[in-house]
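Naming follows writing order (A, B, C, D, E and F), and every chain is counted from residue 1.
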Amino acid sequence: MSVLPTDSLSTPRFVGLPSFMRLPMATELQGLDAAIVGLPSDSGAPFRTGARFAPNALRAMSVMLRPINPYRGHINIFEVLRVADAGDATCVPGYEIESLAALERALDAVVEAGAVPFGIGGDHSVSLAGLRAVAKRHGPLSLVHFDSHTDTWDSYFDGKRYSAGTMFRRAIEEGIVDPARSIQVGMRGSLFQPADVSQSVDLGLEVITCDEMFALGLPETARRIAARSAGHPAFLSFDLDFVDPAYAPGVETPECGGPTARETLSLLRSLEGLDLVGCDVVELNPSYDGPGQITALLGATVMAELLAILAEARVRERSR
Amino acid sequence: MSVLPTDSLSTPRFVGLPSFMRLPMATELQGLDAAIVGLPSDSGAPFRTGARFAPNALRAMSVMLRPINPYRGHINIFEVLRVADAGDATCVPGYEIESLAALERALDAVVEAGAVPFGIGGDHSVSLAGLRAVAKRHGPLSLVHFDSHTDTWDSYFDGKRYSAGTMFRRAIEEGIVDPARSIQVGMRGSLFQPADVSQSVDLGLEVITCDEMFALGLPETARRIAARSAGHPAFLSFDLDFVDPAYAPGVETPECGGPTARETLSLLRSLEGLDLVGCDVVELNPSYDGPGQITALLGATVMAELLAILAEARVRERSR
Amino acid sequence: MSVLPTDSLSTPRFVGLPSFMRLPMATELQGLDAAIVGLPSDSGAPFRTGARFAPNALRAMSVMLRPINPYRGHINIFEVLRVADAGDATCVPGYEIESLAALERALDAVVEAGAVPFGIGGDHSVSLAGLRAVAKRHGPLSLVHFDSHTDTWDSYFDGKRYSAGTMFRRAIEEGIVDPARSIQVGMRGSLFQPADVSQSVDLGLEVITCDEMFALGLPETARRIAARSAGHPAFLSFDLDFVDPAYAPGVETPECGGPTARETLSLLRSLEGLDLVGCDVVELNPSYDGPGQITALLGATVMAELLAILAEARVRERSR
Amino acid sequence: MSVLPTDSLSTPRFVGLPSFMRLPMATELQGLDAAIVGLPSDSGAPFRTGARFAPNALRAMSVMLRPINPYRGHINIFEVLRVADAGDATCVPGYEIESLAALERALDAVVEAGAVPFGIGGDHSVSLAGLRAVAKRHGPLSLVHFDSHTDTWDSYFDGKRYSAGTMFRRAIEEGIVDPARSIQVGMRGSLFQPADVSQSVDLGLEVITCDEMFALGLPETARRIAARSAGHPAFLSFDLDFVDPAYAPGVETPECGGPTARETLSLLRSLEGLDLVGCDVVELNPSYDGPGQITALLGATVMAELLAILAEARVRERSR
Amino acid sequence: MSVLPTDSLSTPRFVGLPSFMRLPMATELQGLDAAIVGLPSDSGAPFRTGARFAPNALRAMSVMLRPINPYRGHINIFEVLRVADAGDATCVPGYEIESLAALERALDAVVEAGAVPFGIGGDHSVSLAGLRAVAKRHGPLSLVHFDSHTDTWDSYFDGKRYSAGTMFRRAIEEGIVDPARSIQVGMRGSLFQPADVSQSVDLGLEVITCDEMFALGLPETARRIAARSAGHPAFLSFDLDFVDPAYAPGVETPECGGPTARETLSLLRSLEGLDLVGCDVVELNPSYDGPGQITALLGATVMAELLAILAEARVRERSR
Amino acid sequence: MSVLPTDSLSTPRFVGLPSFMRLPMATELQGLDAAIVGLPSDSGAPFRTGARFAPNALRAMSVMLRPINPYRGHINIFEVLRVADAGDATCVPGYEIESLAALERALDAVVEAGAVPFGIGGDHSVSLAGLRAVAKRHGPLSLVHFDSHTDTWDSYFDGKRYSAGTMFRRAIEEGIVDPARSIQVGMRGSLFQPADVSQSVDLGLEVITCDEMFALGLPETARRIAARSAGHPAFLSFDLDFVDPAYAPGVETPECGGPTARETLSLLRSLEGLDLVGCDVVELNPSYDGPGQITALLGATVMAELLAILAEARVRERSR
């Protein structure tokens, strides 16, 4: 199996089924450093639905990306890492709990093969499947969470405990996220209850709201994230509604007044020293994304930045 | 409570929140002949999702309709029937079984008040909630089902028995649909298994495929439907994918090669003598409907035709 | 001024500002047989608005049309007729009465120059401006009206007498339409009042509803139109909601269950012997037309058929 | 009548007709502190039209908002204020002057009942109806106006004096706006005449252009607004084209180069001490807003911030 | 390599990259009866461009199709034929001649492996690549061509001889299409020159215009096609603008007044006895197809019918 | 020929075919200071195609602009400059080299008449036609290039040397761009090869990446551009993907993380002293631009700023 993506200077990007960044489709997982895995479940979505179509929408725009990341020393991601697109996990539409279990099984296989899973959601509840799979190997994880919402409510409609608004409380309860090593960044907007943000602090998480992030400045925010996570295996979860809806209209729960794409990418590009053992980019909903599909492109760009974080870490490890 | 809709010659149709046909919102159900009830659940949808937004989309286009139906003797529906828009039943997104139960509770209240429920789906599985509620009062029902699919599979993903592809088999198993009095019309397109259509016949249902319908002619088709249902309380379920996708692009599972809107309305307008005790118009998905929202308009038009069937029946009863 | 359209086999259709069928823009009106005139007013629209953008939308799709009409003896329209695109009349948005006056002034100039005006609406009330301008030269006109609505109500919101629902009653009152020579074709759908259709008959108009049209057959319908108008100067007004919304989603007041585009064009192509002195194609609303802009294309195609009617008449006249 | 909105943690946001922020619909106005009123008129629109559909579009996205505003001391708006959605005022499409009169009558009722009207436009000319109604109770008002245009021209097409470009000059002429207490913020872009901005200064208004706003900084801009209005009853009018088109594509007259949503919300959140007696959010046009409907969401968010300004003022008053 | 598509009753259709009908991707061509090949070139398009994105758009909707065709004896296509999705041929955007050569090379490989190529265009000029590749093995071909245009012009802009309007004249000149065995069906609409249709007859082709098709009736049309092609290896080329734009808005050159989808499918389903050695479905342009993507679905459905023709032929051969 | 645009305070902007800023269409070129020229070719586009429709899309939104530029001393562009819209150059779709030649011929005529060409692309390769035409008169040009990509690759697919990714290398090779006087601004995003940016430096160009631009600050960036170009005839080429996709979704190759529209316009407005002899705004693709058409509006606004640069220069010259 080749490990290099199709060269877009030789073959036009519109040629062929669009795998993530035109990577080869995985025929087996052994030997991979990282695997792209679609997590096309939206049964956890409380309002807009349709994130089940997100993995392929993100892939379709990812063909515009190129292998070299100039923000981390012109690293060529795919010369450092063996990455493949492992296709999609399956799910059970309309059955949230069974869906999470099905996603977890697929992610288990990735983790067991020694690859870092790069999940493409799906609604945000899919992170619980990712955390469960990764924690089996690495123990309680440092959660690095970008979002406009905390997603630490206790339950949602009809008292249901599994949804896109509750999974990080569940993860802490399950002992797979270590709140003392975890941080949430970007919270903003109107609240259901006064405790919507403080409930995360009560759980032991560090929270940097959107206003606090701008007050601190992006470099200091990056530094705090790194400090919180330092030395622990980290799971980074990126909800696209972290970004302002102008840059990410195609999400399930947009929240006005967020950072720009440039600010967002700048923050990610300045993250140093993360020990990334799993991650996901979630809440893309292509039905709401307009013909330019800019949310999908931004989601793919974020994913490529996360790959660069891993690649840089591997270079660093190898040079020791 | 007024029982007449807002007059669109006096107040522009874009003024005010759009209830179905600008009817008053029900403040109580007692005394109503019919109640419009949104059934905004899409947890049963196996492919496209988003029918949760259908009730309000159908209402928004229904404001273009007027109270008099020239195809049934210029009957003024709202002078014959007391109708109100009862708003929406609630549901539990991502939890199909609990959603059906929640919908059923709301429909129970309508039926117990003596009103005929006119449900706006939602994915097609919501019909099971409607059938259950109506059968409690009327016993096993004659199902009159327009669709391009039979929806009589035994189970769907992961062996789940409740979904938009299985609910009519469930209804027969539950004894709330009498297959000997029931009929399915419009089936077409490619099949999963050779038995996709014959499985309905094996359950005791009469099936008229789309090709058979055109071979018989629409008047004869209407006559067969009437004959099958004659003398029994009927539940009419209209899946908008019965119609060709050119006329109904905004559905969950479009199937090319169906009847036109004119043929469809002609068939409904020639149905005679149904004893309508419940009905629904389902599978509208406004995200796929284009800016003209023609599927929503067609769905609303179908619903108005069903109201006219009930109105005509009541006139007939009263004149006895 | 050249009188031939740009040749689309030599210069791609996307090159240049899109005049109607790539005709030259009129620099003067004298000597023209026919002039295309945009009538971009939508102040008469009772529901959807935006038909002010219709003339340019229709022009943009008209570039797909070619000069030879194979349905009338392979006539090359522009070898028979001197036609130019005269641009748009102006209007006063938000001021219906003043808008009609402004449109009328522009159309007066066309008629006074001896050209037949081919108007592109705009909401349907613009027909009143056209009828007034043409009747000044030709006297009371035979109205040939294709629509799903009669547009013969007496008044609309707040008692206003000028709107897209009232202009043909106004025209009869003003003596510029002779109802005994006029005919309305295609009415269908739900009604405000039992008299919605009969009010036209009461005014002296002949009405062929959509159902009657199909019962008669299209050739007989064409014959009746011709018979009604025979020997009188005719103004043909084509409301795009005559056609089913699947073929014309981009209209102001869609009505389900109409003829197809093929049936519509077939009817127009079989009209014989009309003495066309004015016409319009109205109610296109490009905001509701979807990316394929099929309503605009159909509107342009209808306009080209009307040009062919005029061309054939001129050939007939010249050969006498 | 309940005064609390539907709880979106209990009932999904897509359930039920979407009133503003899921508030109860007003059955009477007495006793309300504030009333949401749709002003669905677009007869004043000189270019794009369709703002008549804005009130319901803004409501549909407002269901994403929650009652607590963390930017003003975690105030729960609806525990402080009794607010209801009063539905829409009517209007007379195509008749600008009559439309303004009809809107004014509805707003009179709100003001007379003692409630502060929160208007949802409609084109910007609807502000004249709001100013008239509110000034009857409070006398000449301090206008706080956010926009990219001054809207102080003398007349528009055909010399018409009432349109979306002239209403603030009219309001000053009518003595219902006190220019010495009024301020316009955000003007930018190309001009018709050199005096487009200075004409406002000539009328006595203070003007802070977009460039001046950024030169001053947002906190100082907020301070100047507060200083200008201090101690006078204020009417705040927010034209969504104040914001850059990336954040508000769905407006009638977009102007490139404006502030971001974060800057806009930050400015509104730092306004202190306004005595808000009326306000509106105008110029939303959902037809131009894309599937993500981010302009509608931003409009709803702005409205919620204005409610928070009123709520904070009431808390301040009550604590005196 | 498995030869059966993914079972959509087990794994939701939105799971995984969408190959045609969820078939396995070909890892080699030997042993295949048929291969789906994307031909994503649009350099031949004279007006709308973007058909380069069509193969993946058609694939995305093809996941809705099921393996059994009830119109040809409930044949299970994939139990009869070994079919795989061979991905896309490459091309050279902006270089029409080089693009055709690149497409031809890919198709050569398919034909040389003994598989029948099922091409997904791309603009219609890609048919020339298909005809060339297939004729190398089978000699001069019987062309069965469904379209609203003849595509037999001699040259297009700047005298260029290769474009989507000229390829069938080229094919005849190259001796790879035998006009005496070939037929064109569906021509309609306005013409550039009187000879637009007769030029095909002059080349020796049989032409059945759209009007003639309806005059003959669909069964007789099918019979004539079969008679013309009988006993010769046939290449069937299906331009989606054969169908009316209501059913196929997403095409490059729509032509109003065509057959419905039901009529189209009925015609294809009644074709008997074709010796299909190659085919393509072309001119899909997903940018113009609306959110329901009904053109893509129709294109996929047509392709599935063509597969059924081949399957039926193989069954017939094997039973001899 | 009048040289003033239509007054949008007198005639609504939606009236008439939309020439650029409602300027008169050129009937001859002599005597013009500047000519707007559509360059509707997209044969050079390596991924998304459809920029052939950009000139008219940009014109349609340009009607929102007004003649006075407040950022350069309230200059009235059209009182200083004689400008007309010269319509479109023709091209040969699918034939890149012939298309460039055809565009060049049209631009030659403009330059020979003494007018400065303001080109509306088209894909970015059209700049080569502009540079060739202008360099014939002015010799090697100073290129001022805004973009997210360098477009200095050597060849693209199949070794082709002419495409939207290679034209600036070609221009340097042809001696029509003087790299020592030229500058590229805004490069960002992932790279094909480590040399993607440095290849420009190797050619002798100055490059300011997007990150460097923000590190320098916009005023210093403007100063560097001015310094690089000072005293030489300059050709300014503006690729709309310079701007972040939130502000310009309708482009051929979007790149996340760019400047805002306000930053972009601020940069252009602070450019001083350019001797502008030609320019273009390229890579608009209206199919990807959403209903608000904000990319087209931004493109038109950029073009108006470039006209103001020329107007200011002419005022400066005349005052010497």
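Some observations on this one:
The rule is simple: a residue touches a chain if its C-beta (ideal position, glycine included) is under 8 Å from a C-beta of that chain, and two chains touch if they have at least 3 such contacts.
Every value quoted in this text rests on a predicted model; they were computed, and no experiment measured them.
Taking the mean Cα position of each chain as its centre, C sits at the greatest distance from subunit A.
Chain pair A-D has a twin interface among A-F, C-F or A-B; that twin, with over half of the contact pairs alike by residue number, is A-F.
Subunit D and subunit F, compared by their mean Cα positions, are separated by 38 Å. Distance between chain centres (mean CA atoms), subunit B to subunit D: 41 Å.
With centres set at the average Cα position, the gap from subunit D to subunit E is 55 Å.
Under the contact definition stated at the top, the residues of subunit D that touch 2 or more other chains are 11-12, 14, 46, 52, 90-91, 93, 157, 244, 246, 260, 287, 290-291. Chains touching one another, given as pairs, are A-B, A-D, A-E, A-F, B-C, B-D, B-E, C-D, C-E, C-F, D-F, E-F.
Against subunit B, in their complex, subunit E makes its touches with residues 7-14, 64-70, 74, 76, 244, 246-247, 260-262, 264-266, 290-294, 297-298, 301, 304. Interface of subunit A with subunit E (complex): residues 11-12, 14-19, 25, 38, 40, 52-53, 56, 59-60, 87-91, 93, 287, 291.
Remark: subunit E residues 46-47, 153, 156-157, 189-194, 196-197, 210, 244-246, 249-251, 253-260, 287-290 touch subunit C in the complex. Interface residues of subunit B, counted against subunit A in their complex, comprise 42-46, 48-50, 52, 90-96, 98-99, 102, 157-158, 160, 162-163, 287-288.
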